[in-house]
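By letter and in written order, the chains are A, B, C and D; residue numbering begins at 1 in each of them.
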Amino acid sequence: MSESITLADAAPIAIDISKAVVAARDHLSEIDAATGDGDHGINMAKGFKLAIDRLSGKPFDLRQGFATIGDTLLGDIGGSMGPLYGSLFTEMADTLDGKEAIDRDGFTAMLRAAEAAIVDLGAAKVGDKTLIDVLTPSREAYEKAVGENKDFAGALTAMRDAAAAGLESTRDMVAKLGRASRLGERSRGVLDAGAASCELILRTLADGLLARLAA
Amino acid sequence: MSESITLADAAPIAIDISKAVVAARDHLSEIDAATGDGDHGINMAKGFKLAIDRLSGKPFDLRQGFATIGDTLLGDIGGSMGPLYGSLFTEMADTLDGKEAIDRDGFTAMLRAAEAAIVDLGAAKVGDKTLIDVLTPSREAYEKAVGENKDFAGALTAMRDAAAAGLESTRDMVAKLGRASRLGERSRGVLDAGAASCELILRTLADGLLARLAA
Amino acid sequence: MNRVINDPDQVTEDSLQGVVRAHPDLLVATDHPRVLRRPSSGEAPRVGIVTGGGSGHEPAFLGYVGPGLVDAVAVGEVFASPTAKSFHAAFREADQGQGVACLYGNYAGDNMNVKMAVKLAAKDDVTVKTVVANDDVASATPDEADKRRGVAGEIIMWKAGGARAAEGASLDEVIASAQKAIDNTRSIGIGLSACTIPANGKPNFTIDNGTMEVGIGHHGEHGIAVLPVAPAKEMAGIMLEKILADLPFGGEDVSVLISGLGATPLMELYLLYGHVDEMLRAHNITPRHRFVGNYFTSLEMMGVSVTLTRVDGELDRLLRAPARSIGLSVFPA
Amino acid sequence: MNRVINDPDQVTEDSLQGVVRAHPDLLVATDHPRVLRRPSSGEAPRVGIVTGGGSGHEPAFLGYVGPGLVDAVAVGEVFASPTAKSFHAAFREADQGQGVACLYGNYAGDNMNVKMAVKLAAKDDVTVKTVVANDDVASATPDEADKRRGVAGEIIMWKAGGARAAEGASLDEVIASAQKAIDNTRSIGIGLSACTIPANGKPNFTIDNGTMEVGIGHHGEHGIAVLPVAPAKEMAGIMLEKILADLPFGGEDVSVLISGLGATPLMELYLLYGHVDEMLRAHNITPRHRFVGNYFTSLEMMGVSVTLTRVDGELDRLLRAPARSIGLSVFPA
């Protein structure tokens, strides 16, 4: 089993993530409708579809793929998701700058940058019922696995599981940020939309890397 | 069987007519909704209810009852019905001026005045799918019965039957006046709202007089 | 029916209370509870402008009372003509000794009530002349144009008549300008959902989901065709085709008025305007005056109407003249 | 969903086309497709006013661009904040060398995008200061007032800031006046029916027939209570109680703004205004400025909002200052 994937080989994952978001459009909007304004899927799908268009036809690697997604979200998608996921992908791409491949430690840097981007901008904490409730435990589980000397694949699997658990954890939370926060206790009992999209993105990313590691 | 009824004895008929219209409020609106704007019952009920209020508490005879209905419709009810039925009741009341009682020939004058009031103002002809399709055949049937030497009760019965037939005749007509006229062929197949209220008024009037003639 | 009302039978009365409290500078109550007028202004006497019609079309009719527009308005029940006595009282309020121009829409009830009111006014020696708006091309064929309904084109008629009166013109001149405005105006509407008269409590007509009624009237009167809902661009095409076929527009300036029927969002009215503007220019017709908004509504009906007016030098001047009201304001240049 | 649109994903773009065609005197396109601005005027340079927000609230936000009001607007998707790049471009368009006041509403997305845009502008040496409207009393308790949403009170903030800029005030003075306006403003809404984002195709929240949601947000955010629909008089009482408890109004002049949320007929807004006016006067509060209409909507939502502002001498002067825009016009006195 290889321990590193070239950014060129990993490039299609940027498309996979985008396609997964586009396919989840209605699902994400439905979740958002329960506590927010029901547009999470619309905004996300519009942005990622645009990114797919921009990536089509020319060669790119994973860094360029993420950079294009980041740019597109920042430039064309408003709402909270434009700046949040826009910064997330931009910062992730930046950690790949000058690199040829992604490995276990490179992925640590990428996850840290992703989390920092979101926290800097949105100041969400774990328990606020946002996408941070997926992102932070995922980053922590990944680092914990690395600390326990798991290989890249093992750490990715740990992250993927933590993302799923993080998403589920938002169900019993009371929203403290964003539109849903105005709901108070009434926001309890349903998942958070941003957490759902974040879990989808991390899962698709992990699955793409795992498939290539196993190849 | 008596052949004449004092206007004092007949006074409650003004209330009976008003109450009948108020009770038919939703029914009349429904008919109007099929080809018009669905407010015929509302306007009519509002006006006749107001007339009941104005008549309550003080003594009045049939002339005063009709005059009050006429005044109220003219002064407080707009639409087509205010002027049309307002003039109808005002002109009917005028034919009772200075009289003590209503008899077969007095009723002829009253019916003629009612019809003239409507035609003067609205210029409707039989076949236009309006209340004239009730009023004109009713007046004609009444006069025909009188010409055949029927008594007051017999003439009233003939009028009442003609009103019902007149109403039914509007079902197969294409509206030529009022809001429904813009419908053209699409107005065929349903009754006319004004014809329905006119039939109700004439029937209640006839029934009230017949009951008193039989007493 | 989720409404902001008290007694459903008293919505008109209750609403008028709020109007006079909100706009004492534009509208004041009169001795007649269903007549509002401009407050006395101290201006030189001129021809008075009166209109009137059923409630539920706000800002029409009372929303066009104000400087440069209407002087007094008769207010009917929801979707019902005001009474003859109301029109008569409005004539009295508007009259400044120069006569009154009653500019109203072509509906059976309004025709009868105005007719009776004009007779009553004649007894008081108030001269009233009338112009009856019949701009709705969908409501009758050209050879029966006198049967056509008055719809949003009435606003253009009021603007022209009101501006002419403000210029100090005679009653006959005011009538002529208002008549000219409406003669050069054509409208058509598309209905997308029904509305509910509060006193009725349920919709008095239906427009099935996914369908549109082309040529619908302001009270849900049936139109000329029920079609599947078309894209906005096609709606614009359908409406312009009917209008342009009716009055030879071409190579000249027009006024375009797009009115929502109530519940259609403003962003959709602008979206439609974009197509109408583009298509007119393709026909070599220049939209010189442009009005987009909820100018003449039908409670919470969804839908739109398009009103086109051929504008010559005189109408251009009258449309540009300053005016102020709830529904329409034109700033001094 | 019976709408006047083409591609449901393109409603914002398509609508902007119509806006600039309809009002070239008020709004022109810029290099950035989601930014509109006032046409260049040749006036002396002054502080630029920028706002922005999601579409679907028309006439907000673009409808408040015009003389005496906003200089440039960033336009988002339906119910979504404009991008950081849009806000940034709007800052550039509005800047006349005297700095820019960005007056916007308190939503997570807008906060983030404005924050990023202010940073981008700093790189171009454009000074931007912000005021964040948080007038919706229903959206957080007084001790968490910084979490409150901005709703129709934004209009009062724009009017005050725009008028102050037109007076030639400095950026800090403009910011201070806009901040004072919003600090003295409180709003609350009642929702009566849901709305449908075109791209969604179905309502994104529900309000059951026969119920009202007190304190609803402009995007259907849940309010503080779902109750059976009350008579208008009670609605007025419920809304005023919340507002008056939050800011000690009394014995002074106020501005009252009643906005429909989209589909509620104008006659009902006036009906509600009547009750609000009466109740305020009973509290010895005088409505000095009165606005009734569809000022800040949510597509075709039914419902109303009430906005009260304590008005001192300065705010009175700023509210009276002339202004012209799609949504609000104040005539020169």
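Convention: a contact is a pair of C-beta atoms (placed from the backbone, for glycine too) under 8 Å apart; a residue touches a chain by one contact, two chains touch by 3 or more.
If you're wondering where the values come from, they're calculated on a predicted model, not measured in any experiment.
K.L.:
Mind listing the touching groups among the other chains when subunit D isn't counted?
P.N.:
Groups after removing subunit D from the contact graph: A | B, C.
K.L.:
From the centre of subunit C, which chain's CA centre is farthest?
P.N.:
The most remote chain is A.
K.L.:
What whole-Å value do you get for the distance between subunit B and subunit C if each is reduced to the mean of its CA atoms?
P.N.:
Taking the average C-alpha coordinate of subunit B and of subunit C, the gap between them is 33 Å.
K.L.:
Once you find the CA centre of subunit B and the CA centre of subunit D, what distance in Å lies between them?
P.N.:
Using C-alpha averages as centres, the distance is 55 Å.
K.L.:
If each chain is a dot and touching chains are joined, what shape do you get: line, ring, star, complete or other?
P.N.:
Contact pattern: an open line, chains touching in sequence.
K.L.:
What are all the touching pairs of chains?
P.N.:
Every touching chain pair, ordered by label, is A-D, B-C, C-D.
K.L.:
Any idea which subunit B residues touch subunit C in the complex?
P.N.:
29, 32-33, 35-39, 42-43, 46, 74-84, 121-122, 177-183, 186
K.L.:
Provide the residue numbers of subunit C that touch subunit D in the complex, in ascending order.
P.N.:
Within the complex, subunit C contacts subunit D at residues 1-7, 11-12, 14-19, 21-23, 55-56, 58-59, 63, 190, 192-193, 207, 209-212, 229, 231-233, 235, 262-275, 277-278, 287, 290, 292-294, 297, 299-300, 302, 304, 324, 326, 329, 331-332.
K.L.:
Give every residue of subunit C touching subunit B within the complex, in rising order.
P.N.:
9, 54, 76-86, 107-109, 112-113, 115-116, 139-140, 147, 149, 197, 199-200, 204-205, 217, 219-222
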